[in-house]
Amino acid sequence: MQTENYLIRKPSLEKLFNDLIGGGKTIYAPKAKGDLALFSDVKTYSDITEDYIVTANSAKLVVFPRTEKLFSYHKSKEKTEITDAAGSTFPDVVLWGTRPCDAAAFIPLTDTFNGDYKDIIFNNRRERVFLISFSCSRSDEYCFCTSVNSGPGNTSGSDILFTKLSGGDYLAEVITPKGQLLVSENSDLFETKSEEDKEQQLAVVATRFNQVEIQAKLQNLFENPVWDDKSRACLGCGSCAYVCPVCSCFDIQDEAHGNKGTRLRCWDSCGFGLFTLHTSGHNPRETQGARWRQRILHKFLYVPNKSKIAGCVGCGRCSRSCPADINILDTLTSL
Amino acid sequence: MSKIGVFICHCGENISATVDVARVAEAAGQLEGVAFSTDYKYMCSDPGQTMIKQAIKENGLNGVVVGSCSPRMHEPTFRKACQEAGLNPFMCEMANLREHCSWVHDKSEATTQKAIDLVRTLVEKVKLNKPLFSIQVPVTKTALVIGGGIAGIQASLDIASAGHQVILVEKDPSIGGHMSQLSETFPTLDCSQCILTPRMVEVAQHPNIKLMTYAELEKLEGSIGNFKATIRKKAKSIDEDLCNGCGTCTTKCPTKKIPSEFNTGLGMRTAIYVPFPQAVPNKPVIDKENCSYYQKGKCKVCEKVCPTGAIRFDQEDELVELEVGAVVIATGFDIMQPSGFPEYGYGKYKDVITGLQFERLASASGPTLGEIRRPSDGKIPEKIVFVACAGSRDPAKGVPYCSKICCMYTAKHAMLYQHKVHHGKSYIFYMDIRAAGKNYEEFVRRAIVEDEVNYIRGRVSKVYEENGKLIVKGVDTLLSAKPVEIEADMVVLASAAVANPGAEALAQKMHVSYDSYNFFSEAHPKLKPVETNTAGIFLAGACQAPKDIPETVSQASGAASKVIILFSKDELSRDPLIAVVNRSPAPVFSTCVGCFMCASACPYQAIGEELITNRQGKVIKKVAKVNPGLCQGCGTCVAFCRSKSIDIQGYSNEQMCAEVIALLNHE
Amino acid sequence: MTEFEPKIIAFVCNWCTYAGADLTGTSRIKYAQNVKIIRFPCTGRIDFMLLLKSFGEGADGIIVSGCHPNDCHYTSGNFHARRRWIMFRGLLDMLGIDVRRIQYSWVSAAEGFKWADIVNSTVNTIRELGPYTEYEKVAGYLEKEANQ
Amino acid sequence: MSELIKKAAALLESKSVQVVIGYGKGTGNRTRTIFATQVTECENLIFDSRCVQNLAVYLTKLEIKKLGKPAIVAPVPVLRSILQLAVENQITESDLVILGITSESELIDFESFAAIETFLTTHKIEIEEKYTKTIDAIKAMPVAERFAYWVKELESCFKCYACRGACPLCYCTRCTVDDNQPQWISVASHPLGNLEWHIMRAMHLAGRCTDCEACYNACPMGIPIHLLTKSMLQDVADNFGSYGPSLDKQNTLSSFKPDDKESFIR
Amino acid sequence: MKIGFYPGCSLTGSSREYNESLLAIAKEAGIELVEINDWNCCGATAAHNLNKELSLSLPARNLAIAESEEMDELVVPCAACFNRLVMTQHELSEKKDLKKVISEKLQMPFKNEIRILNVLQFLEKHIVPRLDQLVKSPLEIDVACYYGCLLVRPQNVMKSERFEDPMSMDTIMQKLGANPIDWPFKTECCGAGFSISKTEIVGELSGKIVRNATGRGAKAIVVACPMCHSNLDMRRPAIDSYLNMKMDIPVIYITQAIALAMGLTPRQAGIQRHFVPVNLTVNR
């Protein structure tokens, strides 16, 4: 679809928000918590913060929650009854305040859940998500979206992208038919406006590496001291994966209470020692170095090999949240 | 796949009167993994047990839950039945439907539902039970008896006469204990020494008894059947093999003014001494604290006069390690020094003495050769006041318990006094007269009626000296209900019987429990009065609580028979409900990280270290290891272990969790 | 509406409280059905995680009981347990988990009456406090909420 | 800190140690841990007020142990952790060189763990007033409100276990949260799973925690979990006297006194 | 350190000399005793047998006031007041629930942490260390130190090793140059409970005390309790009538003895307030 541009006045944003809430939508938007901004279920417009580069957590939680019920069961001596969660109704969610990198992340994420197996629950959720993104006017030393085919004003993945203009009003780029529908339903809030000075409003994010070159290099770097060197300080936690908007590994867990229970899909991380532990006791990825290598190879070699795009959107969350200050750029630029 | 059999007992009507047993059996049958479920009138009866055995065989059951009485009652019965049917006995669990359900609730739906819940809980547990095998422990058939008073003597003689080896350890230079200090004994007034000394000699001569006097327990490790005791033999400074007990040294020793312990300070002894003439062994020791040579570096008179050259000034304490299979504690008691009661003036006035001191005054072998003479001036007291409960039954300053023997010995003292000083007057201040025992009450009556002892029911508030008399202020709560004052020549305090000063330390060395007064605790106040909570350690005599001689002797024989029962088999079988440290596949080997917090928490020092090595013998990991011989299965370590690397068989983490989940989740 | 019947689980040691509860039975002293006992070798064995599990599985109240100090069959398991409960109780209190829902007691093998009294008073306390809905909301999250 | 650099270099030079664990420059204004194995790398060592990560955590990590005998830059919080690790038999004196740093940023040598203990007697753990006030305020809430407060605080926890990873005392080979026989704790990060995890973590640190705040600093969601361990430190002090590691004192929970006082056991 | 002072009713009435001499020696020793504001009855009446909460609230209020005035210690010279205050502190520290109840009643913050001192504890801690410099004219006479009941009991609160044979007053008197006699009536009952209602019993009980002290050569009886003092001094007619002879042994407060030994005037020590004339100039 051809992108259509509109102008939305600053006060209309709140009206749009309230209309969406009034229309029964669940809205996830950045909310301040201490020094952090977190995507949270927001009911009041004033709870939304604008003071963030990216949120600490990622937007993937609306399609790939950290705990997803797959089914519940009830055993008796004769039979076992199963209630499939795929049949339940999922909420209509509006993601408000995603950054272009957040929106871009939905593309590889959706790919993952639509490989050999089409994940019904994921797709049900994904269909009900509407992304209202906001371009970046600020960036920091962790950002590298421009190195992974994205950018501070990139539109891919979003339904609508707002860019704050110098006067305080917003440029609204409507990217998808879903976005168009929203505009038509709220036509009083959107004024026709041609694209102007968007680029000037955007943050400057320097290109840090060439993704294609990296992909090529990684072909031959499986055995290399860089992995141990760069991961030495790794504490083996899962924060990088859990804040990553693309990471999609999960673990299947049953929670049993007597003869009732549920099967759950829970986030998992390749940073954990348990991740690849075999029943035999053997662990093919025995050290953090091997785990770090997997993380980098997965995002910059395996995913691009398969899907043509990187499994990374350059949001920099993993580096920001790492308690040991392991910076993914450090590794990528030193290969 | 679990194939559990559930057997619900009616217990006559004990259970079925309030619990719908048929419904319990039916509900149990609906549980996943239950292959057989039934109810029966008496499960523990022969037909009941046969029913279980048959069901095991016919249905190939691999687990059994019996819903009946308390497992403390019949767990061994049903486990044995299962074993006889070829099922590992530890695959049988009991749901307590009687004591914990039918007997404590009225008949109702809720009661039946509770019974179902209890059965379901145990079914879920038994699914996770694993076959366990009893631990066989060889028995060292030597007993260690600690304390050479009448209790220790009796226990030693009994065990030795049954043909087992006995090591009798006594901390003093002679055996005999308190009984050897007594004059006559109630209620027969037979001479204490006359009945005791033959037993003492018998101990010395018994081929199966090894006597270690002047020795104390240093350390006790191990467990029932296999203890390792370390005994400290204090240096006697003589060569016992050479000494012939002639006594020349004790007569020639120049240091003669040492208060004699045996005579409770009323007589003197020398630095090299035999505590009393009938001592066993009748060989002296040197009291280093008071010996001129040890203190000042010169003297050695004993060495000069000894005809056999047996004096050894350079002798040092010796530590001896012994393997024993059972221990009898017979360390006796002590009397409370009444100095905590300044109102009685003990220590301030020479003629205020304790009951034990009176025993020595009344004893024919005592410092006054049996004449009642007061310590201050040797005069025969005309008026004597006995204070009963001088420390006993006094929660404020003394001990709250009754010392049990004082009523009787005080009556005896007054009686002995009246027999020896016919014109004398004796008074006894008392709270109650406790004379329960064969011929005891009659004895007290005799003191009152025949010997005209004045019993005054009331307490003494003060004793003070005025004009050479001891003024005893007290109250007579019965007749006059008024304060009374007696001008006495002597006051005898029936001071409380208390635990030995070293009792607490000894209990801790042996890991036996003790009460708040430091008396050792029996395993059960009624049914296990001579056992301690530590298997293989038994109690005899007043170390458990104040006791008189006949009671002490009976308990000593009881303890001896427990030891003999233990020694009647070559091997002991122990429940395998013990802790184990887990093993996991390489390269982890065990999830234990070797913090050893479990080891510091273990009450039995049962947790040691194990080094895990690779094929080249290099140590990869140091982990905890439970010694199955020492572990008693309390499971304290299990609850401690942060990584859940240690678990206890029979009460495993999985089992307990399954029980919790099953108990709280029903349809 | 029927009266609220609290679900109470009791963790007791084999040597004192279990035997004490046996004595309650032998003495035919009545108490409420709400309390059900799980037998442990010693209070020292009782893992705080099991208490946690109990609330997670829907218990409204918990009784933890063992030998009086100095009476432990294993000499010191109860002393260790006591320290553990002091710390655990403090933590639960800090977290706003209602510590009134856990009754700790020492009940000896001779205290059949005391056991009945502990049971009945605990049942009364929990009845007054009502069902532990706050915790249930947390524990029953998956049952009640649609997927997040 | 040229003295530190010199000393570290000398240790590597003389082959007394194979690696120096210390602080270096990180992203932006952050610091990060560096593992100097070459003399030249020692130049990157820094020490200033930003260096708050608890380096003791690396002493028990498999990957770091493989590097050989370490020297560790150890400001006071790290020293406390080292002492506690020693109490728990995780490290030995001979396998470690300690480059101690006083609170005045001066280098200090320690010949033995006992010397650390002596030094720490003058650097007792003190819970700052801002924390005691917060804890008091939380404890003053009605119980239901307090519970709601924590459920809310823990809501954002997604169980990345950074708190566990950063804690020098969480050195278990297998954490109980990863044990599924039985399943002690819900793996899921739903409210119950989160609550159980944080209760277990705090309990496992009861009487062991040295108040370094590494857990809180590591939490990507900024959850104040350190309030739990701090509150427990207070409980230890209130109930059993002083807190803080000590070589001859038993851990709080693996020891007892027969006359320990409580007010709640009937 | 701020030392509070709780006089109680006796010290403002029947035993003003106790008050005067205590303040005089404190001043001499350079110690400021700050009387607590708005103090109330200690409850050493029938209250403690009739109304538990009242009997705890009365002393607790005094303690709370002292706390609010930031006092570290509180001196309570009257043995009866001391007993009530110390018993309250003990009971409320043992029973936390009760403390809560009482605190709510008081409607003021109450930590229950102040250190309460009776006169002997106060003297031992603050005056005795300075006595070497302060004793100007030693009292070289034989004295009988009479403790009575309340200073040393109950044992579980006072934790005294020798509550049947206390020695603290004897030690202080020795420091003043006096010779405390060894006598058995140190803690005998003076009959305080019957001080008003049955003076003949007081006569008998106190009479025995006076007789024994005199008989053992004491030239004065030293006390530290207003009740003891009034019974031994004011009830002398009843004593004399029981003993059938006139006893002239004077009864003085230990604080008065110290004051005299410090060289203060008899008037500063309040000696003129006694019924039995005091003349301590007689040397041994």
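Each chain gets a letter, A, B, C, D and E, in the order it is written, and its residues are counted from 1.
FYI, a contact is a pair of C-beta atoms (placed from the backbone, for glycine too) under 8 Å apart; a residue touches a chain by one contact, two chains touch by 3 or more.
This structure is a prediction, so every number in the text was calculated from the model and none was measured.
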{"item": "Intersection of contact partners for chain B and chain D", "value": "A, C"}
{"item": "Central chain (by mean CA position)", "value": "C"}
{"item": "Chain pair showing more contacts of the two, A-D and B-E", "value": "A-D"}
{"item": "Inter-chain centre distance, chain B versus chain E - centres from mean C-alpha coordinates, in Å", "value": "49"}
{"item": "Rounded Å distance between chain B and chain C, as computed from the means of their C-alpha atoms", "value": "32"}
{"item": "Cα-centroid distance, chain A relative to chain B, in whole angstrom", "value": "70"}
{"item": "Junction residues of chain A - those touching two or more other chains", "value": "66-67, 255-257, 264"}
{"item": "Touching two or more other chains - residues of chain B", "value": "584, 588, 601, 640, 653, 657, 661, 664-665"}
{"item": "Interface hub residues of chain E, defined as touching at least two other chains", "value": "none"}
{"item": "Parts of chain A lying in touch with chain D, wherever the complex brings them together", "value": "33-36, 38, 56-57, 66-67, 140-142, 228, 231-239, 241-243, 251, 253, 255-256, 264, 266-267, 269, 272, 274, 287-289, 319, 321, 323-327, 330"}
{"item": "Chain D residues within the chain C interface of the complex", "value": "135, 138-139, 141, 143-151, 176, 184-186, 188, 190-192, 195-196, 199-200, 202-203, 206-207, 227-228, 231-232, 235-236, 239-240, 252-258, 260, 262, 264-266"}
{"item": "List of chain A residues in touch with chain B within their complex", "value": "75-77, 256-260, 279-283, 286"}
{"item": "Interface residues, chain B side, partner chain C - complex", "value": "70-73, 96, 98-101, 103-106, 108, 110-111, 113-114, 117-118, 121, 511-516, 521, 524-525, 533-534, 577, 601, 603-604, 632-636, 638-640, 648, 651, 653, 656-657, 659-661, 663-665"}
{"item": "Residues of chain D that touch chain A when the two form their complex", "value": "26-28, 30-35, 53, 57-58, 61-64, 156, 158-162, 164-166, 178, 183, 186-190, 193, 214, 217-218, 220-222"}
